[in-house]
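As structure tokens, here come the structures.
Two complexes follow with subunit A in common, the first pairing it with subunit B and the second with subunit C.
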Partner chain A sequence: MLQRINELFATSNDVKTHRISNGSLILEVAYIATLVEENKLYDAIFVPFSRELKPFADVVRSDPSFKPVEDPAIWTDLMLRGYVLLKVEQSFFCYFAAKVIRNTSPQTSVESSIEGPQIALSEDLSDSANIIRARYATPDLQVEEYTVGYLSKTQILMMFDQRRADPKVLSLVRAKIRGIQTDILSATGELAKALNDNRKRLFPMELITERVDRVSRGLANGKVIVMMQGSMFAIILPITFFDLMVATEDRYENFWMSILLLSLRFCALLLTTTLPALYIAIVSYNPELFRVQLAFSIAGSRAAVPYPSFVEVFIMLFMIEMLVEASVRLPKYIGSTATTVGGLILGQAAQQAGLVSSIMIIVTSVMAISNFVIPVYSLSLSVRFIKYPLILLAIFFGLPGVACGLFFFVIYLCNQRSFGRPYFRLILPGDLKHTDIGEVNHE
Partner chain B sequence: MKSRAARKRMMPLRSWLLAVMALLLLPLGGCGFVDIDKRFFVVAVAIDKSGSEQKPYRITLRLSIPNSKIEPGMEKSQVETIEAAEISEGVRRIKALLDKELDLGHCKMFVLGKKLSHDDISDAVDWMVRRRDIQGSAYVAMAGSQGYDILQKMPLSERYSGNSLFLTFGGDGTRSSYIRTEHLFDLQRRRTERGMDPYLPVIRTTGNGYEVDRLALLDKTKVRTILTPEETQLFNQLDQQYVNSIIKTKLDGHPIILTATDISSRYTVSSNGILKMKVNIAGAIEEAPNNVFNQDWGELQKMFERDLEKDAMALFQKIQKAGVDPFGFGLRYRATHLSSRAYQEWLEMYPRLKFEIQAKVKIQGTGLIK
Partner chain C sequence: MNRYFYYSFVMVAMLNLMLYVPAVLLENRLNGAVSSLIVALVIGTLLAYASTSALSKFPGLGLPEILRLFLPEWLVKTLLPVYAFMWFFASSFALIGFTLLMNRVLTPDQPAWNLYLILGLLCVYGATRSALTILYLLEITMLLVAPLVLLILFKGVRSPDLSWDAIYTIAQYVNRFPTLSSVGAGTFIFTGYINMAIFNRVNPPNFRLKGRWIIPATGTLILLATFFLPIGFHGTMGVERYLYVWTQTADSMTMRYGFIERVVFVFLFLYLGLSLMYAITGWNQSMEFILSVSKKYKFKVDYSIAPAANWWVCGSFFALSFVGLLFLNERIDFEIAEVWLIVRMFLEAATVLFLIVVSWRRKKPI
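For the complex of A and B:
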């Protein structure tokens, strides 16, 4: 065995192979030192082997944590996942002794909530599964394991409630996961893209979350959870568009306020997509839409601006997109400075220099702020994009263009299916196992 | 079936076609793209008779000059006037005098000159209705003399040009029982509807601004009679149940005035040529001699009723004599009489129509606590 392993991992220095003997038995051990916690190794193998209170061959056969390995082809796989290979009396065993470096005691950082659970999923699959199992303690919770990525060999966990999940969705997801062809899988977003056939989709077809309450709520609603090793985010699918607009807190807080906040979010969604386009359309095509006072004051404040309205809009959008992008990438300490400099000083100065009108500053900031209101980051990214087609339509066709563009988006959304289920509908039927209007079995 | 490679070769052609089609769409926007600061907003239009034979119309536009700082009295505006053979020609010729695109989208005030209104308003109103950028909710009024004078006048308090007139007619600002607003859409409706005639409020200039307290009644084309301020108010009360208006009577030579807080008026037109109208008015006394609280209120109410009936009868007879129908009695007759000749019958009946007015006034209080 050792010879063969040494051949397979010819140049790796961290592959350790030992042949040890305690007089009665010869033990062959192989493992990758950097992946394995050596303490576990000593406690479980070396110490019992050398003391031999009980014949070690019996220990190996009676202890279920030593699993017999029949197929030599999976040796490398096992070792790469942190298993120790043992050869005892012509039979092979493996023992799991992996050491996983992960973020300790993860707190929600992307989707923070005030009174909701503060703990997030872990970067380690078994921890995440533990957290979910603790919050969804039913025997119906099924876990399936897959390995994806020729090189990364990423472990993927699919969890679902077998009584509630739709078998069609399940088989679809299984097929998708098996069909993934990639060398490296490093983030949940990548996995989500791989699960979708169409990479060019405008809107996210799955919900990526770090929140445990979202995951357990999803399980109860018959959704499928897909998690991967090394990422603290889980994918929830299938979803509807409205799942993306709901924050988990809506369930925890005052009913009326939640309704208000939800409708506020939809207003924000509409504003952030249409406001720049509407500005162009109204200012340049249909100024009669404003009240007279507003029309005159906009005309007055635009009088100093030398460029047509769409150039003005592009200048401001360019600035705001740069600001957002810069503050995402920058370290936290510099980030706030960048936004202050950009937001306050540039905006003010641009207006005073006569580059943009004061109304445009308001339009831009309302647009940016309402974008941040959207609770799911992937949706907020999509929405950041879809305003540009609308702006183009506004430049060439004015208000009718914007209206047609919005209409197009609604039709597009209606046409979407999230893993075979209608995407743009308000409420999924309570009984998920039965067919649904507009359901498509094969994507 | 095409092979994959063949389909791949097709793709560039198809995307080229798509790109060309998209490019062809671009000019569709046409010349509609004009920035707001490149537009001259017309806030009011006046149409007068010039008096000359070749160019009978005198068009006056009041253009707003936008200002980024808005303060009362800071407002600047420009008045352009031109004589032309047709209205549309005049507006187009004014365009040649200006450096920016003329925009009628915010033009909410149309003033028709006195001479024009007494002659024929059809062409002017027709032009307003046909232009797609003139809003149907624009206000139309008649000038006491020349429309041009109304537009020249710039009240001191204006924050932006035209605002005084907009506020006067819009109901956002002053709410006076003497003002009757006429919108363009309603004017057009009254011009074309059988059994209903148009009217126009009359604007006159005063020292500080405008005075709008009279109503000109038109047949389908021209002014037939002008109501006095009191008649205008009564017209508003009877036709629109306009509250916060007043009715008067006299007690021993002292005027007593009642503010109406609740008015209802109902009428029926019967085919035997009698129009019965019931008016109920309730309100509080606003101006009266001191001892009015101790008077017999029933007696006072009777006096109010008698005066109201008398005034209303005078108003109806004035309208009837002028041969116009601003209340829309004829429309009511047509609506309630099932006959293909109903309108014809009405036309024959109207000059001989008898009015029976039954007023009921209720004094709710004297405005004072004893």
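For the complex of A and C:
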């Protein structure tokens, strides 16, 4: 066995192969030292073997944590995943002794909530599964395991409630996971992209979350959860657009306040996408849309600006996008300084220098703030993009162009299907009793 | 499915408030438009009831499939293009009419084709989608638009500028004999049911339409508002003077505390949504009629990537209507509309009659 393993692996120092004997028995051991926890190894193998209170061959056969290995072809796979290979009396066993470096019981940081659960999923799959099982304790929870990535050999876990999940969605997801062809899979976003047919889609078709309550709620609603080793985010699918607009906290807090916040988010969505485009369309094409006083004050604030409205919009958008991007990439301590410098000082100075109008400063900041209101990061990224086509339409066609652009996005959303399910559709509670449209089978 | 039928019905009813229907009705206001309203209400409701109950006998089948069940193939092959033309004409005509109107009111310094370019292309994109997508879209659009249109109508009724005397005066002409063109215009309000010709394909087998009282109720409300509100605002004789009487009517209202003071802008954008929606459903159904001419065509109710045939058909719709736009103006438009409204009424009545007969035959064991 040892010779074969030495042939299979490249000459690396951390592949350890030992042949040891305690007088009555010869044991061959192979493992990758950097992947396993050697304490475990001593406790489980070397110490019992050398003391031999009980014949070691019997220990191996009776202890269920030693699994027999039949097929020599999977040796390398096992070793790469942190198993120790053993050869005892002509039969082979493996023992799991992996040491996984991970963040310990992390706090939610991307989707924070005030009174909701503060613990997030872990970067280790077994910990995540543990957390989910603890919160969703039914025997119906089914777990399936896959391995993806030719080089990274990333473990993927798919969880669902077998009574509630839609079998059509399940078979689709299984087929998608099996069909993934990639060398390295390193983040959940990458996995989500691979699960999707259309890589150029505008809106996220799945929900990526770190929140445990979202996951367990999703399981109860018949969603499928896909998680991968090494990332503390889970994918929930299929989803509707409205799932992306709901924060988990909406369920925990006062009903009326939640309704208010939800409608606030939709207003923010509308504002952040249309505001710059509307500014161009109204200032350059139809100033008579607003009441006279308002139209005058907009025109007055633009009096010092020497170029057309769209140049002004592009200057400000360029600045704000750079600011957002810079504050994401910078270390936390410098980030706040950058925003202060950029936001306060530059904005003020640009307006006083007559480069942009003061109304434009308001438009830009409202747009940026509204964007942060959207609770799911992937959606807020999509929304950050879709204002640009609207701006182009506003430049060439004015107000009807903006309206048509918005209508286009609505058609586009209605046309999307998230894993075979409608993405942008109102589901009313009364629907459950009746048969739905389109449930016709023509053979 | 219930609600989707009513969305389509309300969409058509509301859309016609804007376009040629009020012009035709108001032209005849002194000779029989009022009594025509009553006749149109009865005929429209009857047709809607008849067609919905007839179609419910054929769940999952559209009009092309039903025709194929009962008529010889050559007749089907001649009828389907006629229907296709009917739907294409109605929706393109509405879209062109609305483009001219919007161009006149909102962007008078640009040529109309500039506006039509973007509206038409958007409709091509929308019409190539699957039936389910279009129904979802219809729902979203109607939920956003309908409450606001109703609000504007309500605002109009409650407006202090409305002269109820003028309305009463015209209402007294109820004893005149109804005219064909006003009945044709009046029944157009009720014509939303014809969208079921194709959308009946998505109906599940045990589908029954509930709450059909909504049809006469909404129809009456909209018919009365269409006809009487402009009279109330502009006077018994003054209404004649306007080309687009409803734009002027909306412009007669103001929102005193709003960002946007003139109601007409809100109204225009609401109707932009409605016209686009109407053109999308119309083109989509026309497209389905054309594709169904081939007997081998298998329709699908849902697909996420539109087949190439869809793009070709809708693209040619766009090209045709674009050429149409270059030749049409408001005067010709209006004359065509008057004839069209009458022809359309008879075609629809014939179709509904056919469906009724056929559904009776279906009940008997064959």
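Assume the second predicted complex is superposed on the first by the 427 of 443 C-alpha atoms of A that agree within 3 Å, B and C clash if a C-alpha of one lies under 4 Å from a C-alpha of the other, contacts with A are read in each partner's own complex, and residues count from 1 in each chain.
FYI, a contact is a pair of C-beta atoms (placed from the backbone, for glycine too) under 8 Å apart; a residue touches a chain by one contact, two chains touch by 3 or more.
Only a predicted model underlies this, so the values are computations on that prediction, with no experimental measurement involved.
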Subunit B or subunit C, by number of subunit A residues touched: C
Touching A:309, do we find subunit B (first), subunit C (second), both, or neither? first
Is A:369 in contact with subunit B, with subunit C, with both, or with neither (first, second, both, neither)? neither
Scan A:415 for contacts with subunit B and subunit C and give back first, second, both or neither. second
In the superposed arrangement, does A:381 touch subunit B (first), subunit C (second), both or neither? neither
Kindly classify A:286 by the partners it touches after superposition: subunit B alone (first), subunit C alone (second), both, or neither? both
Please work out whether A:425 is in contact with subunit B alone, subunit C alone, both, or neither, and reply first, second, both or neither. second
Where does A:403 make contact in the superposed view: on subunit B (first), on subunit C (second), on both, or on neither? second
Which residues of subunit A are in contact with subunit B in one complex and with subunit C in the other? 285-286, 292, 397-398, 401
Subunit C residues touching subunit A - in the complex, by the definition given at the top: 1-4, 59-60, 102, 106-107, 110, 114-115, 118-119, 122, 125-126, 129-137, 139-141, 143, 201-207, 258-261, 265, 269, 272-273, 276, 280, 298-299, 301-302, 304
If we count contacts the way the header does, which residues on subunit B are in touch with subunit A in the complex? 25-26, 28-29, 32-37, 39, 41, 43, 64, 66-70, 103, 105-106, 108, 133, 135, 159-160, 162-163, 166
The subunit A residues in contact with subunit B across the complex are 283-288, 292-293, 295-305, 308-309, 395-398, 401
Name, in rising order, each residue of subunit A that touches subunit C in their complex. 285-286, 289-292, 294, 393, 397-401, 403-404, 407-408, 410-411, 414-417, 422, 424-426, 428, 434-440, 442
